[in-house]
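Next, two complexes with subunit A in common: one pairs it with subunit B, the other with subunit C.
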Partner chain A sequence: MTRRRAALAALAAVVAVLAAYPAFASGYGVRATLQVFMWIVLASSWNLISGLTGYVSFGHVAFFGAGAYAGAILVAKAGWPWLPAALAGGVAAVLLALVIGYPCLRLRGPYFAIAMLGLNEVLRALVSYFEGLTGGGNGLSLPTLDATIPIYYAMGASAAMVTLVTHAIITSRFGLRLMTIREDEVAAEAMGIDTGRHKLYAFLLSAAGPGIAGALTARDQGYIEPISVFPLATTITMIVMVLFGGKGTVWGPVLGAVVLFVAQEVVWTRYPYVHPLLFGAIIVAVVLLMPRGVLGILQIRYRLPRTI
Partner chain B sequence: MLGQVVISGILSGALYAMVALGLALIFGVMRIINVAHGPLLMLGAYTTYFLYSALGINPYLTVPVSMLVLFVVGVLLERTLVFRVVDAPELSSLLLTFGISIALVNLAQLLFTSDLRAVEYLTGSWVVGPFALSKSRLVAFVFAGALTGLAFLFLGWTKLGKAIRATSQSREVAMVCGINVQRIHLITFGLAAALAAAGGALIAVIVAIQPEMGQIWTFKSFLVIVLGGAGNYPGALLGGVLLGLIEQVASLFLTTQLSEVVAYVLLVVILLVRPTGLLGGRQT
Partner chain C sequence: MTTPVLEIERLRKRFGGVIAVDDVSLRLEAGRIYGLIGPNGSGKTTLFNCITGVERRDGGRVRVSGERVDGLRPWEIAQKGVGRTFQVIRVFPELSALENLLVVTRGHLGGARTRALELLRFVKLEGLRDEYAGNLSYGQQKLLEFVRVLMRDPTLILLDEPAAGVNRTLLNDLLDAVRQLRDRGKTILLVEHDMKVVMGLCETVFVLDHGEKIAEGAPGIIQTDERVIEAYFGR
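Moving on, here comes the complex of A and B:
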């Protein structure tokens, strides 16, 4: 119990430092931390569907992009303030997830993974097609607004929220049912779990975070275009972060997001062409050599509880 | 106009069918969806491009060479990486082949750059009555039809082909009958890569190629399998031609951007209405 208390105290200290950080940090520091928050939201959200149920989403950036466009259109065309627009971005992403998830998640097998593989391209094509609303390939500019610090807090709150939700799910019966689906879907069905519905709920939850993060990022950058909000590289990065940190855990995606973001900033920006190649290699290596990720290995070695 | 659409649809449909047959074979025999199928097709296209531009070999003569090269690449990938996830949960095999696909695409970008490259060999069209037949597409159709036919002859009449179908029906029973299942997996993977390579080689003559060209082919091949019914190899033929026709009809009414969307909507609708494919379940 003391270990638990110490962990909570450390967590509270980290949150306090991060909350006070913008008061004394440089502009770069705030921006970099904002990015880390964004990656935590994306990685933890991917973990909700793929880490917990075993259904791989190869197109999760689609929800980021959908949220970015929904938020940006509401701000630029309808004059909404950015905070409600960000929430609306989350809602838009969840609706999109419902449309895709309902037909694809009713079935067992690889249908969902492949459907997600194509989704990104489809959204990019649609955004380019509906030029009147989205500005097409020319992109969409938002009114200028210096809100980096409020957005820092909003993104930080989103990251905390996704992590809390993941913790709540993993320690709940709902989470156990999801993990049962991952381990053996036939057995899960035989035990009376409505697998289709459970997978869909997990998927809807996993779309909300990226939607909000996309809308916040769009507001922060002030300009979006199809290439900037639907890059395949973003999906790859979140997958690598989760696999590296440890899929199906609460803190694995957070660990992966922090470590890989720092590595990316410090080392890999010098080798822009090698690092996507390296990501492919990391995925292969992690799947074959340490499928539980770093945290999974620590859990076993130090007998940490399953619910971290 | 309709005749032209039907002809174009069937021409590209044969290509879809051939490439998708490779994906269907791996799925049927190993129960793995190979996300790297499209990138293997891309490697086949580059093999043909370099044989043509560096050595000046007729691109259609390079088709068997590309197939052979990619057969070897496929066998190596299976032997070193993919065989490890054959019995693992789906998550592992999907992620592993996804990782391979990313590595292949980015390796190609490093080695070949992302410049568009074209094999300018057979351009223009033959005009037959009211119809215009693109020369390169027509030749691709003939090649794809012949290779697909050969593949079916191989599966239907040779001992090895029968062993492949047996493994796809039931691995355990195949083992009991004395079939070396590991070897069948290896050959199937190589064969599938070779079919993808043939597709890539033929596509290189039709359109300009670049390292990211492959991903859409993974998706389309999968759509063809879903249309025809997973595990049903003749279904891939029907699925391929159907996808070709639907895309052509869609391009009559929509911009090229949106015809990509049509293929996607089709996948979602089929999964909603008839998830076992148009021809129904597994019959090998």
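Moving on, here comes the complex of A and C:
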């Protein structure tokens, strides 16, 4: 219990520092931290569906892109303030997940992964096609607005929210039921677990965060285009973050997001040419040397709970 | 006549050219232990899979307590009170022993925990409750799978070779548990190769050969049935 109290105190301190940070940080510092928050949202959300149920989503950035376009259209064409537009971005992503989750989650193994990849490509094509609404390939500009600091808080709150939800799920029987799908779906069904419904719930939950993050990012950047919000690289990055940190744990995706983002920034600014190479090397190293991720290894070796 | 707990009518399942279950019909009454035997590949596991919805049947009907269940999803059939174990162990390897039991329950968590700990004690796994199921020995996993079925308190229990790989002392406890379940009104259908187990436990035995039911009756009678002897030992 004292250990738990110490952990909570440390967590409160981190939250307090992050809350006060914009008051004394540079513009770059705020932007970089905002990005870390975004990656935490994306990685933790991917963990909810793929880390827990084992259904590997290879097109999760689709929800980010859907949220970005929904939010941006509402701001640019309907004049919505950015905060409700961001929430609407989350709703749009969840609705999208509802429509595609039903057929796609019947597919098992690599077929689901490929279907999700396809979905992302289809969405990108659709967005380019409906020029009237989306600006097509020319992109969509939002009215100028300097809201980086409020968006910093909104993104931070989203990251905290996704982490809290992950914690609540992983410590619940609902979360255990999701894990049985990963462990042995046939046995889970034979034990009376309605795996279809459980997968769908996890999928809907995993879409909300990326939708909100997409809409917030669109507002912050003031301009979006199909290639900027639907890149496959974003999906791969969130997957690598989760694998690096430890899938199926609460803090693994957070750790992965922080470490890999910082590493990426450092390498990117110093050695722009080796950046893609290094990222590829990290992927290979993680998969080969520690497929469980940092916290996954600790969890197994020291019998720690999944809430690490 | 009371409604049978399980009633199968002309159940059929084929895999390509192999007819794994060939027009099998059987009835199980409440509060009895039944055996299902037959040579390797005679269709015992496939019959279980068709009853529980894991495999889709090609024909025939399955009723549980009078209600049609063929065509339902496996979890729906399970929720109608059918529990099973698998011949090839299917515990949830990265869930702890305790979690393996808790995860299949609904409703009050405290009650489920008490029951789970009780069952773990029964199979002498209470000291390993926080161990990952995948790290348990083969026999321990087998026992865990057995008590996992009991967590849901099913009315019909299908056991696919529960004795294989379980040590002698625990085996006797396990067989006692099966008898107790019967005494509490549960119906058990048991696939088992160990004839001693079958003889000591089952009131009625069904014999499959090449997917066909070739005999049915008390174990003593079955043993002397010519078709059964032929199926096992050839001509």
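Convention: the second predicted complex is superposed on the first by the 279 of 308 C-alpha atoms of A that agree within 3 Å, B and C clash if a C-alpha of one lies under 4 Å from a C-alpha of the other, contacts with A are read in each partner's own complex, and residues count from 1 in each chain.
The working rule: contacts are C-beta pairs under 8 Å (C-beta built on N, C-alpha and C of every residue); 3 or more make two chains touch, one makes a residue touch a chain.
Model, not experiment: these values are computed from the prediction.
Engineer: Count the residues of subunit A touched by subunit B and by subunit C, then name the partner with the higher count.
Structural biologist: Between subunit B and subunit C, B touches the greater number of residues in subunit A.
Engineer: Looking at A:303, would you say it contacts subunit B, subunit C, both, or neither? Reply first, second, both or neither.
Structural biologist: second
Engineer: Is A:173 touching the first partner subunit B, the second partner subunit C, both, or neither of them?
Structural biologist: The second partner, subunit C, only.
Engineer: Please work out whether A:81 is in contact with subunit B alone, subunit C alone, both, or neither, and reply first, second, both or neither.
Structural biologist: neither
Engineer: Which partner does A:27 contact after superposing on A: first (subunit B), second (subunit C), both, neither?
Structural biologist: Neither: A:27 stays clear of subunit B and subunit C.
Engineer: Classify the contacts of A:110 with the two partner chains as first (subunit B alone), second (subunit C alone), both, or neither.
Structural biologist: In the superposed model, A:110 contacts subunit B only, not subunit C.
Engineer: After superposition on the shared chain, which partner residues are touched by A:189: those of subunit B (first), subunit C (second), both, or neither?
Structural biologist: Touch status of A:189: second partner only.
Engineer: On the A-aligned overlay, A:137 touches which partner chain: subunit B = first, subunit C = second, or both, or neither?
Structural biologist: Touch partners of A:137: none, neither subunit B nor subunit C.
Engineer: Following superposition on chain A, which residues of subunit A contact subunit B and also contact subunit C?
Structural biologist: Residues 182, which sit in both footprints.
Engineer: In their shared complex, at which residues does subunit A touch subunit B?
Structural biologist: Those in contact with subunit B are residues 50, 54-56, 58, 99-100, 102-104, 106-107, 109-111, 113-115, 117-119, 121-122, 125-126, 128-129, 182, 232, 236, 239, 243, 273-274, 276-277, 279-284, 287-288, 291.
Engineer: In their complex, what parts of subunit C are in touch with subunit A?
Structural biologist: Touching subunit A from subunit C are residues 52-54, 73-75, 78-79, 83-84, 86, 90-95, 99, 102-105, 109, 130, 148-149, 152.
Engineer: Quick one: in the complex, what on subunit A touches subunit C?
Structural biologist: Residues 173, 176-177, 179-180, 182-184, 186-196, 248, 303 of subunit A touch subunit C in their complex.
Engineer: Sort out for me which residues of subunit B touch subunit A in the complex.
Structural biologist: 33, 35, 81, 84-85, 89-92, 94-96, 98-107, 109-110, 215-216, 218-219, 222, 226, 230, 255, 257-258, 260-261, 263-264, 267-269, 271-272, 275
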